[in-house]
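Encoded as structure tokens, here's the structure I'll be asking about.
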Amino acid sequence: MNEFCLEISSANKSFPGVKALDQATFQLRKASIHALLGENGAGKSTLIKIITGVHKQDSGKLIINGKEETLNNPNDATKFGISVVHQERNLIRRFSVGENLMLNNMPKTALGLIDYNEIAIQSKKWLKILDLDIDPNTLVSDLTVAKMQLCEIAKALSLKAKILLLDEPTSSLSPQESKILFSLLKKIVREEGVSIVFVSHKLEEVFNICDDVTVLRDGQNACTSEDIKNLDRQKLVRLMIGRDEQIVKSTRKNQNTKDTILALKNVKTELGHKNINLELNRSEIIGLYGLVGAGRTELMKCLIGQDKITDGEVIINGKKVTINSPKSALEKFKIGYISEDRKKEGLILIHNVLDNTSITVWSQIKKAIGFVSDGMISKKVDPYISQLEVKTPSNYQLISNLSGGNQQKISVAKWLAAGTDILIIDEPTVGIDIKTKAYLHELIIKLADDGTSIILISSDMPEMISLADKIIVMNNFQMNGIVENNHDYDSVSSKIMEYIHT
Amino acid sequence: DSSDTKVALVPGGPHPYFAAWERAGQDAVKDFGLGKADYKVPAEWDLSQQNELIESLVGKGYNAVLVFPGDAVGTNKILGELDDAGIPTAALAGCVEQPTKAKMCFGTDTGHSAYLGTKQLIDAMGGKGKIAHFTGFLVDPNTTLRIKAVEKAVAEAGGGVEIIQVIADIDAYEPADEKINAFMAAQGGEVDGIVTTAWVPAVVAAQALTNMGDKRIKMVGIDHDEVVLTAIKDGFVHGTMLQNPYGQGYIGSYAMDKIRGGCTFKADAPWKATAQTDQFIDSGTVFVDSSDVDTYVDAMRGISLEILKTFEDDFLDC
Amino acid sequence: MNKKIPNFIYTNQFGLLCLVLIFTLIFSTSTDGFTSRFNIFALSRVIAIDIMIGLAMMVVILTGGLNLALGAIGVCAAMFGGWCMEVLGIPIIPSILLMLGMGSFLGWINGIITVKTGVHSFVVTLATMSIYFGFMTMLTEAEAFRRLPELFTDFGSAKLFNKYVSPLLLVSVATCFALFYLFRFTDIGRKLIAAGANPEAAELSGISVNRMFIYCHMLSGFLGALAAILLTTRIGAAIPSMAGQLGMDWLLPAFLAPVIGGTLLSGGKLSVFGTMLGAVLVTLLTNGLYLLDVGEFWIRFFLGIILLLAVLLDRTREYFTLKSVIVS
Amino acid sequence: MAALFKKDWFGLLIVVIVSGLAIAVLKPAFLSPFNLYVLMVSISYMLIIALAQMIIIAIGQMNLSVGAIGGLVAISFSGLMEVQQVSVPVAVLIGLIIGMLCGFLNGYITVRSGISAFIITLATLYIFKGINLGITEAEPFYNIPETVKNFGNAKIGNTPIPFLIIIPIIITFLMWIFMNRTETGRHMLAYGNSVQSAELIGISSSKVVITAHVISGFLAAIAGMLVVCRLQLGTPNIGDSWLLPSFAAPVIGGAILAGGKVDVIATSLGVLIVAIISQALVIFKIDPFFVQIFLGVMILLAVFVNRYREYKQEARRKIFSSE
């Protein structure tokens, strides 16, 4: 009688100081792909965590296959054939890929002991499905972020669930990888009748694969199970953010300064980079493009002194310099680095918003005997926090309680506060909603216009082409070429791809 | 009035050596009509804990304290403060170093006891051979005294006796077992005599000799642990240096009551002098070997009564 | 933007404060002598030293590490000070400075080794504990320094406020305020906390994490020496066994106070006043139990039970306050 | 060889072999049957103590009450036999049950309250030790049955191998299987790696934590009883000196205190290294005033050697990743 395999009606969920879900309703049709959309902090992940038994709703019903159920822990959800890829990476870093894939369901020998051969064989199968060429015995900690994400997806698939929840599965995937994933998803929906909930901030993907759409805004439904055919991009955006999308047009003012602020000449690093040459002018945005694993992040870490540059010259403002730590990069040369891995390297999760945002400015604002008070800090960083529209009940909220997107805003805000001359921005909009993404793009342009020189690392080609002045293409720890960016997507992107494959 | 006297007997920590104090205190209450004489054990073997306990006992109304000093120097401060508060104290079983406000030290001259024990050992070895010395924590000043006393006894024996190894810091059973057995393995063939000057090493060494079934190596232990006494009976240990904990508690309580009653120590009392203090009264140190190991309790009681008999006349001005 | 600082009554410190008050009430009504002048004075002195020891450990726990050598450092500093005052005849104030310097120096060694080798501070300080203590025993031959200047030792027995309070407590409380200031109101303090919470993120944010960790170890040594100074004035002498074999008698109070006080063992979160209250609570319990006459051999048992009840009670409080936040 | 080099315990093995050889060359007595016997005896219970701590480190917690559990079991075991005249097997059984109960208590309260195990086991350390002292009033039990004493003393045939080490060897083997080849063991490590992830994955915290603590209590109980066999008396002090060595061996063996990384073999080698060092101090007749200094320096050296291997490995990985 019921076409829904999963329903949530009028669910409420509060966290200290936050109402994450407010009478939220959600219905998943059998054998469909359902997009769950909303701004950062709208409550998407919370909804997913309720469906998977991680959180329990304060009120409201959870109906699975027509029956009201209570889930007390993730295992209960597994029993109902629900499997999930959470927004956060949940692999055991010191275990092998294979063992991670099979962790809930380990093959055993006759003696009841774990059969590692069997693990390798079975997991290999699931890795293959995603076109992943990883040895199942590789340690997860040796994988790149993208590969980890793919492994998690493989793991969720391996449970052969009837309901598959994917919370931003593509946030750190390249277009090619996403494409493989999507055709796979379509296939299991079609052939095995699996129902999928898909969370993403990339609207193209949503239009590409989804059948229905539910949009949350501040924990409430902005729309419920709308057929995607009735929507277009503009409508969807309006549902999500309550107004029209602003198209960022790169209207750079003074990008023609020829005032070289940073130059790398024939740089070699201990991580294996060779022949790196780069010139960054004042107010210029240089893009570093490359497939995941090209060594862009690593190059920048060498530049700021985290790892060593072994040969070649680093010239800042015409002077040859040696940067031996991020501290001197920041304090002496005013270079900042916004990390791509916000949880591990960007933020201090157990500290609050205020402390995280101000970490780079304490030295600047201190008075006699190092005096720094919360008031002084607030005065300094509040403008940035409100400018980025960070969604938090107060400055004293712990970072770990913010939604992913808002966490990313904080890791940007702290570098804005630091007021650097050169800012290295690594994958700034991963997991960021379109509103904030647009805002971040404007911000990057404005920063450059105001005199900051920017090195932008992004695997998001449209982003790269709309922002960068010139794009350096990297592959395999070397520079393959430089593309002058005329902001014409087709021609520039084909040039970039050409360089990647040389 | 004696019934006002409330004596606290405070050992350094939980340890079987002091168990006899409890009985001694009860007997003293009975025999001398004291108000109380209670055995109060610090929860841990730790100077600060002992101080805390003593302070809380005073808070509770005890007005005389007999204490085994958690530290020969460190305990002085609290004794001084008790004295200022009009509470008489004495060091029991071990001494505090002078200058001190403790009325007396009633116990064993640890250095002398080690010296006598070593002498006995050297005699048993026939005046020559190689000796090993096992002892307790180095940071206990008594340990240094003991090491020196053993050296002295050896020096007096002339060139025939030699100390081949000193092992210290073995006041816990597991490391003691490990080290002493390692020693036996490495030097067991060479060594002729063992002197132990702390409870745990004595027990463990006696056990090791018993296990090895080795009667060639002579050993002199310390204190009255059953393992040591049994090994003496069985002939694996030559003898042990006994102290008199019961007598300490019994006579100590008595003396505290007397002092609270207004007695003072005579200026010309027959004090003994030790390395630590010159207000020392020997509670009796005897060497026990297989011949008198069964009767040592009586012997000790005899000594106690002997001391008590002349205690008031010899030491007190009442 | 809402700028309210989290309400005090929702904090761990508040819970501890309640427990302290509850137990004070229980003990003062059910035992005789708890509120006596002598007992309160004695308590204040014990608490003073335990606070200092707790603080000394707290600043290393902040880095996610441990300082097992704390007691050894304390004893070394004390013996060094005793030597300065007694043998060299250096006046009190310079001697105290030298002791603090000694403590910081030994802490610095711990920090340097930890940072340079990347070996966990547990192993490093386990080894340096042995080494420091060994050198101390070797150099002093376990001889105490007893002829310390009277002014110095009198400080330990001095009584203030109608003879209820030891000046040692004032020193400790003042130290608490100083540390509170450091961690809450200075850039360096904030950097120490950030470095402890997430070294990688802190490093990339321009904080020299290694230097911060070394500072923490030095501060620990400094506070350890300060604790040793207090203890020396209390004992009236510098003695090698004042912190037990290898200085390990300090470890229990050192961990109890900060951990009960809400300092995170994995680093990056501390509470100065929590540590203070933790030390107060534990000392109070021990003292109360001694007074309650539970049978001396059972004291540890009851102490354990009450400790357990205390933390469970605090947990319940936390649970209910969190609930009330959600509702509001 | 390359595979060996990658093992966590490889550096430690080198330390053991090199130091063993060095000592043997300088002092041939080191390899005498009696000395090997003594070495094995001291390893026997330390090994179990270290494993009792290791399994708690695996889940990212600490068990401060290992010694207290061991002590409580040791005196219960000997007390039951002396005072209640209980037969040896029954006493062993009761001892094991007490140990597991203590461990269960630790685990249960930790999981239920959500308070750090550090605090809980600190409190139970007081409780268990308190019961121990309350029962014994600090007096040892001496009347240990001959069978137990003989077990503590006997050697296997004419070899220098003590009977005492059989149980630890079996247990080490079982622990290796448990940590590497069983689902529960792997779940423990996963939990230690990241509690949050483990919970999201669906690993039950209470099962993992309680099991680990029960095993820890079980092992502490065995260690306690082995010490009784060895010392041939049940003193209330048993266990007092376990805490630091229990951590030292796993940590020297490369365990990460934050959890998720422990290795049974490396821990065993850690035990061996500590035992060899402390024996070397006796064999070389180190002056007692120097012993502590030497001990500290040796521990540092042992760890540095192991660390050096990791260093090399890291350097290699850096170069590899660029190719």
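The chains carry the letters A, B, C and D, assigned in the order they are written, with residues numbered from 1 in each.
The definition used in the following text is that contacts are C-beta pairs under 8 Å (C-beta built on N, C-alpha and C of every residue); 3 or more make two chains touch, one makes a residue touch a chain.
Please read all numbers here as calculations on a predicted model, not as lab measurements.
More C-beta pairs in contact connect the chains of B-D than those of the other pair, out of A-D and B-D. Inter-chain centre distance (chain A to chain C, centres taken as mean C-alpha positions): 43 Å. Separation between the centroids of chain A and chain B, computed from CA atoms only, is 72 Å. Mean C-alpha positions place chain B and chain D at a centre distance of 35 Å. Residues of chain B in contact with two or more other chains: 14, 41, 43, 138, 169.
Residue positions of chain C touching 2 or more other chains: 137, 141, 297, 299-300, 303. Within chain D, the positions touching two or more other chains are listed as 133, 137-138, 289, 291-292.
Interface note: chains touch in the pairs A-C, A-D, B-C, B-D, C-D. Chain C makes touch with chain D in their complex at residues 64, 68, 113, 117-120, 122-124, 126-131, 133-135, 137-138, 141, 246, 248, 252, 255-256, 259-260, 265-266, 295, 297-305, 307-308, 311-312, 315. If you check the complex, the residues on chain D that touch chain C are 109, 113-116, 118-120, 122-131, 133-134, 137-138, 244, 247-248, 251-252, 256-258, 289-297, 299-300, 303-304, 307. The touching residues of chain A, when paired with chain D in their complex, are 52, 54, 73-75, 77-78, 86, 88-95, 99, 103-104, 106, 108, 112-114, 270-273, 295, 477.
Those residues of chain C that touch chain A in the shared complex are 1-6, 185-191, 193-194, 197-198, 200-208, 264, 268-269, 322, 325-326.
Residue ranges on chain B touching chain C, taken from their complex, read 14, 39-49, 51-53, 55-61, 71-74, 76-77, 80-81, 85, 97, 137-141, 143-144, 169, 171.
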